[in-house]
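Below is the structure I would like to discuss, written out as structure tokens.
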Amino acid sequence: MSGSVLEVTDLKTHLDTARGELRAVDGVDIELRKGECFALVGESGSGKSMAALSIMRLLPETGRIAGGRVLLDGNDLMALPEAAMRAVRGRRVAMIFQEPATALNPVLTVGRQIAEVIERHTALAGDAVRKRTLELLDAVGIPDAVRRCEEYPFQLSGGLKQRVMIAAALAAEPEVLIADEPTTALDVTIQAQILDLLAKLQAERAMAILLITHDMGIVARMAQRVAVMYAGEIVEVAGRDAFFGAPQHPYAQKLFQALPSPEKRGAELSVIAGQVPPLTGTFDGCRFVERCDFAYLRCRREAPELIAIPGDRAAQRLVRCHLREQGLAPAPQGAPAAAQEQGRLLALNSAPVLAELENLGVHFPIRKGLFKRTVGQVKAVDGVSLAIRPGRTLALVGESGCGKTTAGKALLRLIPATAGRVAFAGRDLAALTRRQLREGRGAMQIIFQDPYASLDPRMRIADVLAEGMISLGIGRDAKDRMYRMAELLEQVGLPLEALSRYPHEFSGGQRQRIAIARALAVEPKLIVCDEPTSALDVSVQAQILNLLKSLQDRLGLAYLFITHNISIVEYLAHEVAVMYLGRIVERGTVEEVLGSPQHPYTEALLSAVPAVDGRRSIIRLAGELPSPANPPAGCHFHPRCPKAMPECRAAYPEAVQLGGSRSVSCVLYRASKAASSS
Amino acid sequence: MFAYVVRRVLYAVPILIGVNLITFALFFVVNTPDDMARMQLGARRVTPEAVEKWKAERGYDLPLVWNAAAQGTGKATRTIFFQKSVRLFVFDFGYSEDKRDIAAEIKARMWPSLALALPVFLVGLAVCISFALLMAFFRATYLDFWGVVLCVAMMSISTLFYIIGGQYVASKVWHLVPISGYAGGLDAAKFLALPVLIGVISGIGASSRWYRTLFLEEMGKDYVRTARAKGLAESVVLFRHVLKNALIPILTGVVVVIPLLFLGSLLSESFFGIPGLGSYTIDAIQAQDFAVVRSMVFIGSVLYIAGLILTDISYTLVDPRIRLE
Amino acid sequence: MPVVLVTDVLVWLLVAAAAGYAIYCRRHAHLAGPWGRVFRSPAAMASLVVLGAYVALGLLDSLHFRPALAQKADAPSAYASEVLSVLDLGLAQLRGRGEKTYSAPLATRSYAKELIEQPDGRQLRDFPRLRFGGAQLHDEADWAADVAQRALGGLAVSVLLSFVVLLGTKILKKKRPDIPWQAAGISLGALLLLAGPAVALSSVYHVLGTDKVGQDVFYLALKSVRTSLVIGTVTTLVLLPVGIALGTMAGYFKGWIDDVIQYIYTTLNSIPGVLLIAAAVLMMQVYIDLHPETFPTAVQRADLRLLFLCVILGLTSWTGLARLLRGETLKLSQLEYIQAAHAFGVRDTRILARHILPNVSHIVIIAMVMDFSGLVLAEAVLSYVGVGVDPSTNSFGTMINAARLEMSREPVVWWALATAFTFMFALVLAANLFADAVRDGFDPRVRM
């Protein structure tokens, strides 16, 4: 086809694993056109990254390309000798990776790592290389390029490192850039910057981008065309608008339905039942058949082809589904009815406070010098006040390093607070003896982010669940506890056989269920949920969110939900507190804060989230989160704030009540309060 | 940086005191000077007078830690602990059984030791790193496989056999070099050639295999994939990217032994008759010369601690992450 | 009358512990998995057979007794003062047939010339016939044929047995196809092929020659095996509790406990190993020499010295393990399941026992098998330096030490050294290969 720069046909990549040969990529066709951004979307294990690495022929040593062609301007890259392929890498096809922290060589300067691409692929030498390096650093928006050039990666923040990666990738002006989850490791405000940069560079240089991502929001923001991957195959290809308007493949539809959003509040999220089939075997029918709501006999017997939808004249849309082949459309499921919970919530609003943080501070000393004297404090949490009511969810939102996790752990006394007061059910926790504290542990529990690190790999599930009960003396005897464990597993939707198995036998989502059951075992009233779904795929995330929600309804649990994912907050939380650099800048109900954010940081944070429907305009924040060891004077946010005024530098603004339950710490509102009160 | 080094040096002081206490306990508390005297003088049929004389000659006729009979500060200083242990701190080692000044002996003997140990160290490092790089470059090929097999086989052979075998082949069968002995100046070369060679060979197995692991570990890292994605040749990736990173643990790992090179090698020196500190130590152990062994323990610890400090400093020199922080 | 040596007790305790551990592993998937990976490695299976042979020798040599003296039926039984082991019983032929001095392998005549009185009364200086080696030969010209015949006879038996082994592997292969039985079979077959002729010949010859005082070198080598195994295993028994307790405590409690433990191990580490061991052994020697009354027999004294050596080696080498465990525990204690346990108010001791210990156990196992070969090698060096086992204890170190001086003789007395070399090399190589497989099976990322 004319205008295509990279054409992948029937690409097959196999990996050697302990369980046999895994067909990570199993017949993938991609056509990347000149100057376009083509997104390859899929959940983990779908084979999207392997496909990208196969194009570059950079597979890990266990992998091999089992077949297919990759034509770059008509030349088959798979047929090239390795030396010729090296001339293509970095010169004609460049790649950037997910984790900028590890993708750069830690002991070479930034400038050196960019310059080596220039030296490898262009005729430039000496001063010309340096000049070009500086140009590139400028082009990717790194301020003070001359100084940065001599610095090492560890001296740069994550966002700057990814810019350096991009600069190195652009150095030889490639025709194609493969970006493998380029912003997954970054915060939303930084992600917005990097996406802007990529979009700008793409437009300026007419470069084609193959964007690998799992985030539909990023796809909506960046891509012209989209391909969805599932279990090693592409199941749907479409233009962006058509795709987001009406996804055709049942899997793609399900993905959208599983995304949390404010419209789905109070209702269950749609989930995709079951799991991705193991790719070590062969398939007779459709790979999605076990999880599909529309599957019929043919789906089991015959594998569907990726074909154009009949009647789509431009042949822009391809779908791998028997239904589509026959011109039938799977009916999109109607939006689930919103639950009636308003009344009950209002009643709960006036319930007595369950847990309260008052001016909580967690400071870590910085020691330096000859005798390790304390020369300063990292104020990870600096005067945070929160109140959590029974049966309600308070979301604590912020970017990484803002102190939200520390605050949550300080509430549980897993980290000692250095200032302020923590009260639970009216009792000051600091006043408790060690023994009383231990006995009271059951009332507050925690669920962690990483389902792989949160269960002891050497313990059977029965022991995992019993640990807390034994420690806190819940259950009269082993039999009683066993009865209770069975009940718990049922509550979280796991079979009873799970008890005698080990954590490694479970998937990430199942492990998170076990972690929830473990917390529930000691009959808590409050659970701190520390990013419990951020390591999970969207479809699994939906299951966990549904579970948390139903548990809250049934048991009247209170959640402190720590997250950076705004859409989860919109879906699940009742109240929100936004944290920036150890302090809460704005809090209030979800409707208040997310509906009409008042603090400039909240506004920017919300706008930076790439949304599936692209409904928000973006407020770009300059710079990055400063170090909490050395926060800016005055309002911590003022160096990045688009609305900063001279007085912002003077003192940290007091929290101001703005009607309802909202309070904001910003100079803008002190003025208005002063105006209104005078 | 300066404060850092000072802090490391200060940290060494309590460790040295600890070493001193351990040696004191080992040499004077576990067995009293009386026991040692009886042992030295031929066990059972020893008269008390002979024991007293032996102790007096060596200054062991003092109380262990507190001399109630002495005057003023003498209560603390006129003791075995002060005279024999505390004075080690000023490198006053006393005299050996054959009435020689140990400090002078050490000064004279450390140069032959260094002349043997330094070449072994440097050549060995170069050989092992090269061999490991070779295996890493050809990883997952037959060369790599048999290289590892060779390493495991070589590290399964006792050093004693390397020395005995080497001596036998080079000196007795081929008559290439003298079997043992030593001479000062340039003549030393012909005496040192064989022990150096044997020292290098006997270390290849374990070190090369270890370095190969380090190289392979580095090669699995993300930045190597980035470097390949830039289109760099495999040799450039290896030499510019991997080597530099892997050398950090290798170099800082070996720095600790540099000061210990002065101590020489126990086995080689004794087999090849090189008058260094290693053979000195062995002779002392075999003659049960406690004063010498005690001195060597202390010197060894001082050198090891010096090595630790050098390690810390070397980290700050080679690793930009530590240097610039 | 059985004699119980302290190291015997420890050796059999270790066997019991190993058996208990094996049963425990079978029941726990997280341990059975890694061991399964170990046994699926051909190198591990082959070396396991070799190690098994050594261990069998060592265990037979760890059952001691004093033989009853021949007595009249009604007299109270009396026992010889000599302490023997079950292995000695099996090797009675080798043990009893001492020559005067050196003789080469399979030789019929001594290595040194002597004055021999001829039947006719004349005296002649010649190599005398050995008392036992080839004594059955009337005519020494038959030597080659006799040796060949016996060797072939032994070989025939071995080949027969090897076939049985081969058959056995085929059957086992059907039952457990995932385990490389062939590798084990080949290595067992190779052992048999070596052992067959050796056994056949050893009944009338000194297969590996004799040493300076005429002892059979083959016998000495077999007797040395126990010493190596004891050093390699009992030492770890001493080292493990100290290393595990201090390492995990330092990593878990941090703060001043960590400081103190780190101080202790840096201090111990800073004394060069050989010197610290030498100093401790010297002091032990002084004690043993001056308190002969504590040790009733020479064997017991030598045994105690061996035990002390293990204790000293253990106490000076726990630092490496402690450092590794400290690092791992530091990492673990940050993990979320430990924090979850804290959130339940679980006590520290319980967290250490239930969470930390099981999760560092792979490091302990790896350290144990990796240390083994190092300790076997160290024994030889220490014995050479003069701070090893008692000179009367059979060990590879004492063998080398005795033999090395004879390298300067003409012609060279090479057989004792060659024997020590071969036996040690096989043991250490097998141990190294097995250790590698264990490390790969448990955690390929642990650096050691």
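Each chain carries a letter (A, B and C) given by its place in the written order, and its residues are counted from 1.
Everything that follows uses one rule, which is that a contact is a pair of C-beta atoms (placed from the backbone, for glycine too) under 8 Å apart; a residue touches a chain by one contact, two chains touch by 3 or more.
Everything numeric here is computed off the predicted structure, so don't read it as measured data.
Chains that count as touching both subunit A and subunit C, per the definition above, are B. With chains reduced to the mean position of their C-alpha atoms, the one farthest from subunit A is C. By C-beta pair count, the most extensively touching chains are B-C.
Distance from the subunit A centre to the subunit C centre is 56 Å, each centre being the mean of its Cα atoms.
A separation of 52 Å divides the Cα centre of subunit A from that of subunit B. Subunit B and subunit C have Cα centroids lying 27 Å from one another.
Those residues of subunit C that touch subunit A in the complex are listed here as 28-30, 335-337, 339-347, 350, 354-355, 358-359.
On the side of subunit B, the complex with subunit C involves touching residues 14-15, 18-19, 22-23, 26-27, 30-31, 35-36, 38-39, 43, 152-153, 155-161, 164, 167-168, 172, 213, 217, 260, 263, 266-267, 281-282, 285-286, 288, 290, 293-294, 296-297, 300-301, 304-305, 308.
Subunit A contributes residues 409, 412, 414, 437-439, 441-442, 444-446, 448-450, 453-459, 467-468, 471-472, 502, 504, 515, 518-519, 522 to its touches with subunit C in the complex.
Those residues of subunit A whose C-beta lies close enough to touch subunit B in the complex are 56, 58, 61, 83, 86-91, 94-95, 97, 99, 102-108, 116-117, 120-121, 152, 154-155, 165, 168, 369-371. Contacts from subunit C toward subunit B in the complex involve residues 263-264, 266-272, 274-276, 278-280, 282-283, 285-287, 289-290, 373, 377, 380-381, 384-387, 396, 400, 404, 407-408, 412, 417, 421, 424-425, 428-429, 431-433, 436, 447.
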